[in-house]
Amino acid sequence: MATPVTTESYGPTSKAATMAVFGLFLRELATRARILVLSSLGLLMVLLGLVARFSDDGEEIELTMLIALGLGIIAPIISLVMASATIGERRADQSLVYLWLRPIPFWTIAVGAGAAAITVAMPIVLVSLGLSVLVSGEYQLFVPALIAGFLAVVGYTGIFLPLGALLKRSFLVGLGYILIWESLLSQLGNFFEQLSILSYSASIVVNATDVVTSSGGRSTPSSTVIPPLVLLGGIAITVRFLNRREID
Amino acid sequence: MTAVIEATNVAKGWGSTHVLTDLTFSVGTGLTGLLGSNGAGKTTLIKMVLGLHDRDQGNLLVLGTDPEEAGPELRMRIGFAPEHHHLPEDVNAADLVRHIAELHGIPKQIATERASDMLWEVGLGEERFRPIGTMSTGQRQRVKLAQAIAHDPSLVVLDEPTDGLDPVQRDEMLGLIRRIGSEFGIDMLLSSHRLVEVEQVCDNVVIIGDGIVKRSGALSDLSGADLGYIVSVDDKSDELAAQLRTAGYDVNITIDGDVLVNGDQAALAVRNVVATLGVGIRRFETRRVTLEDVYLAEASETGAA
Amino acid sequence: MSQAIIHDQGYRRFEGERRGVAASMWSLVVHAIQRALGIKRQFRSKVMPLIVFAIVYLTAVIFVGLAFFLKSFDIGDAGFSYGDFASTSGFAVLLFIAFAAPEVICTDRKSGMLSLYLASPLTRTTYLAAKALGVFLILLTVTLGPQLVLLFGYTMAGTGPGGVDKFIEAFVRAVLAGSVGALMPTALSIGISSVTPKRAFASAGIAVGLLASNGVIHGLTSSEGADIDARLGVLNLFYVPIELAVRILGERNDVAPWNELATGWLVLANAVWTLIFGAMAWFAYQRVSVDR
Amino acid sequence: MTDLIPPTGEPVTVPMVQFEGVSKFFGELVAVSDVTFTIGEGVTALLGPNGAGKSTVLRMLTGQAKPSKGSVRIFGFDPRQDRRVPRMIGVAPQQEQLFETQTAYEFVHLAAVLQGLDDPEAATNKALDLVELDIDRTRPLSTYSKGMRQRVKLAQAIVHDPWIVVLDEPLTGLDPRQRLSMIGLLQRLGDSGRCVVVSSHILDEVERMGSQVLVIAKGRLAAEGNFHEIRELMNDRPHEIEIRSDKPRRLAVGFLDSGLVHSVRLHDSSVIVETNDVVKFARTIAPQAIAIDASVDAVVPLNDDLESVFRYLVGQ
């Protein structure tokens, strides 16, 4: 005869669950091939620092490249590759069930995945932005570039984490978002610009210089606060997804 | 009669692992079942037959040619259906089968005709212009079979052709395979985990394990030997066993509680004892060696899983 | 009334002669082209090739139309030369480069077709060669096709090469230039596509790779005040084939680094890149496992 | 029925698995229609043709899918709402994909950690031993064959010793020996009071498990219970029994006279009878044969196996 089941039996602590999910995704993301390919993208950024070094308008050139390539392409693409490869990839290959069917709150899955994506994306982005500035010799941009890169990764992860969970073709949609929405629509005017992560991260570097550009235009406080809020929102949407959607 | 596949001392390994150490067998015409535990090297053998892996040593002749030396020419005359169910989702069945037939040297128009013919043969006539992505597992298995036979091969290799099918679909598939093998006169090598299935359709079997051929030959030679009678009664099987034993018969009781009797005139004795006990006979028949007995005996000899 | 017959509907053997391996390869080439152009597939798959065709052929037709209207115009002065066209259509061609090879290569690995192909008379090498030829021919439709439209159009409009021998020379140049424009990109896109079964990743890799190398090298070599060797231009994966095509058409881009880069370097760059990416694909495909 | 102890208060008796009027629609398509059943301890096989709704039923049981109508309860809890349910069930889904970069040990260990086990290492080793997977700790799951994956899936499903084990097609891809040991393991789980729900197509093996069955056909519940008992209930479908003998003709006459048989078919050395009262008939065979001095060389029921029952129930 079976012994009774008690309703007290429950899962791990939320901290243990988050750490376990984080560890899983960290290892899945940090493959050598992925890091090499993405680092080579970062290497471009560093090479462009050389261009700035040999130019007369070093600061302006480095600033433009930081914004157009570093914050506009490299940071979002690396964040996209990482964030959409967590829950999204697991949903696509139907192995998400091995996390979903555990006695853990859904937020631990979303937070663990987001943290892993940020942990892998951040060093690549920060190193390439930082090295680029050092190579260019425009040292006054060093700290703002790092802060901007940090905020960019945080903000984009907030967008691409739920995107990966919600959409099947998240990589292509994400690429379209980066190349079309962020790069083009955000130049349509102040209103649209507020809706792009790039305007906030760019403002950090722009506000740190005297250069007048078309990018940026957000205040430093709002630029610091909005990307983390986007991340929180993204995690909330991901949790909602895990709660509502059916899992294969 | 020439052998369809003839292997002599074939060995194959990767690095330090020896998957096949010494394989010698000969496969005649008809349907041949290829059996072996997971990891025994069935897939490796199939790939060598197709000329996709080079062997480390030994001789292998498929349809009279060495697959290592004339792979492309040989594969022209072989049909193959892989184990996996992945097929291009957005291609329709007729296009896929025609394409594969064309690759095997059939001129375009004839390939188109034959693709249509074969899809009717496997029961997908009306679905032949549907994208494969909209098809069920059972239908995909049939598409796989159709593409393997559309180019009129001399040998067809089927890897787990009934995987994922429900009992009704499975019987239909086995019927098809049997028909293609006998009526169409195409020799077949069929790898399967379902011994019952192999017993149902195959003429010959090859059992591999531990890198060698454990048993091979005609199915009728390997199995079918008489082991006495097996009786299942609705009550008092212990008493039945006891009385038969007293009468001098060799009696065993199976794990299912059935009585296994062996000896002279056993059937008569069973009839009489059952009548005396007044119990009902659920089942009573000769117990023959099944393919499962043969297979499990080979597997347990080595204890390998 | 004829005699009644019940025909045997049983299995028919194929008694004819089988075609050889070359024919098998050719049917794979045709299949690849059909697949990339969306032939025999839903409308969704046709959108991308249609857009690219529309861009390049419409442009060519407009050039020709203008030539008809302005009888006296000099195509070179007006910026409507063959070389100009090769340069400006580069970005439309890029769309095709990033799309065609992943479509015909990556999908086979994901959809399990590769295991069927390798069980056919094809080998890993002949499979890859057939696919490469397919991609090359697809790219020719946008690198060579419009050039021929221009050539015939201009000739009919009276602004083309004068005389039969000049026409033949222009024709040969167009064919050579179109082939050069398609060759290195074929190798590059197949090389990159051979490392991943994911079509989106391959497409993104090709597009980002081409655009980024163009951006960086262009930025480096054209920035004022910077003293950078023009030979760095050979690293511009996007423009190396285009510039060579332009030169075969008898023209030359007059901007850095191309104005200072010798044609020999361009030929070498095209050859070396083609070999590198070709080898990359070949090695990847010798190793790819076909469990699917 | 199993007792459930709430944190405070008296134990209550609840069914382990309960479906009440459950339907599932995908748009216009009805996958499962108004299904009601309970499942208790022991092995229960979920049978049905492909596409009949088996996987949908299992996915609603585990909470992965939401019923469009009706309610699913696991020990009285709603598996879509209550995150305690995953602690009580272990699931081996049909799909083959695992976390491919992990090793089998890491994969099962992660399951143990996420279940909140006190000693995940010991639980992992025990589960891997139970499924007889000799693991190579350095080998990633991406290199695993179908049969090995099946065993890894089972290991992660039982690592926390759950009350309910749900397995979707656990026998496919296993070789005959592995199948036997898997069946043995499931039977032991069932005998120890666990509720084991298995969907399978391999009916002769399911029959060997001697389990309860739940037959789903066309989205509806076609039958439930022990399959021999289900067979007995199918009165409109007579049992066919073949009796081999040296005097089949005279036996046939005797059987017809007994009134238990309503048709016989004669062959050279056998007679096939149709009867509705198989229990009574079984007792008359031997005495009848003795009365006319006929031999009984074999008695074989022709449509009593699970496969025949299944075909009849699913109407094919």
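Letters are used for the chains, namely A, B, C and D, taken in the order the chains are written, and counting of residues starts over at 1 for each.
Just so we're on the same page, contacts are C-beta pairs under 8 Å (C-beta built on N, C-alpha and C of every residue); 3 or more make two chains touch, one makes a residue touch a chain.
If you're wondering where the values come from, they're calculated on a predicted model, not measured in any experiment.
Asker: Identify the chains adjacent to both chain B and chain D in the sense defined at the top.
Answerer: none
Asker: From chain C, which chain is the farthest off, judged by mean CA positions?
Answerer: Comparing chain centres, D lies farthest from chain C.
Asker: When the contacting C-beta pairs are counted for A-D and for B-C, which pair yields the higher total?
Answerer: Of A-D and B-C, it is A-D that has more C-beta pairs in contact.
Asker: In whole angstrom, how far does the Cα centroid of chain C sit from the Cα centroid of chain D?
Answerer: Each chain reduced to its C-alpha mean, chain C and chain D end up 56 Å apart.
Asker: If you average the CA atoms of chain B and of chain C, how far apart do the two points sit, in angstrom?
Answerer: Chain centres of chain B and chain C, defined by C-alpha means, are spaced 47 Å apart.
Asker: With centres defined as the mean C-alpha position, give me the chain A-chain C separation in Å.
Answerer: Whole-Å distance between the two chain centres: 35.
Asker: Could you pull out the residues of chain C that touch at least 2 other chains?
Answerer: none
Asker: Name the residues of chain D that each touch 2 or more other chains.
Answerer: Not one residue in chain D touches at least two other chains.
Asker: So how do the chains connect up here, line, ring, star, complete, or something else (other)?
Answerer: Contact map by chain: ring.
Asker: Using the contact rule from the top, write out all pairs of chains that touch.
Answerer: Touching chain pairs, listed by label, come out as A-C, A-D, B-C, B-D.
Asker: Please output the residues of chain D touching chain A within their complex, sorted ascending.
Answerer: Going by the criterion above, the answer is residues 2-7, 11, 41, 59, 62-66, 75, 83-89, 91, 93, 95, 97-102, 107, 110-111, 113-116, 156, 163, 192-194.
Asker: Using the touch rule from the top, collect the residues of chain C that touch chain A in their complex.
Answerer: Listed in rising order, the residues are 198, 200-201, 204-205, 208, 212, 215-216, 219-220, 223-228.
Asker: Considering only the defined contacts, which chain A positions touch chain D in the complex?
Answerer: For this pair, the touching residues of chain A are 1-13, 16-17, 20-21, 24, 27-28, 31, 90, 93-95, 97-106, 246-248.
Asker: Which positions of chain B touch chain D when the two form their complex?
Answerer: Touching chain D: residues 36-40, 83, 136-138, 163-170, 193-196, 234, 267-268, 270-272, 274-275, 278-286, 292, 295-296, 299-300, 305 of chain B.
Asker: State the interface residues of chain B toward chain C in the complex, per the touch definition above.
Answerer: Per the stated touch rule, the residues are 50, 52, 71-73, 75-76, 78, 80, 82, 84-92, 95, 99-100, 102-108, 110, 114, 117, 121, 147, 151-152, 180, 183-184.
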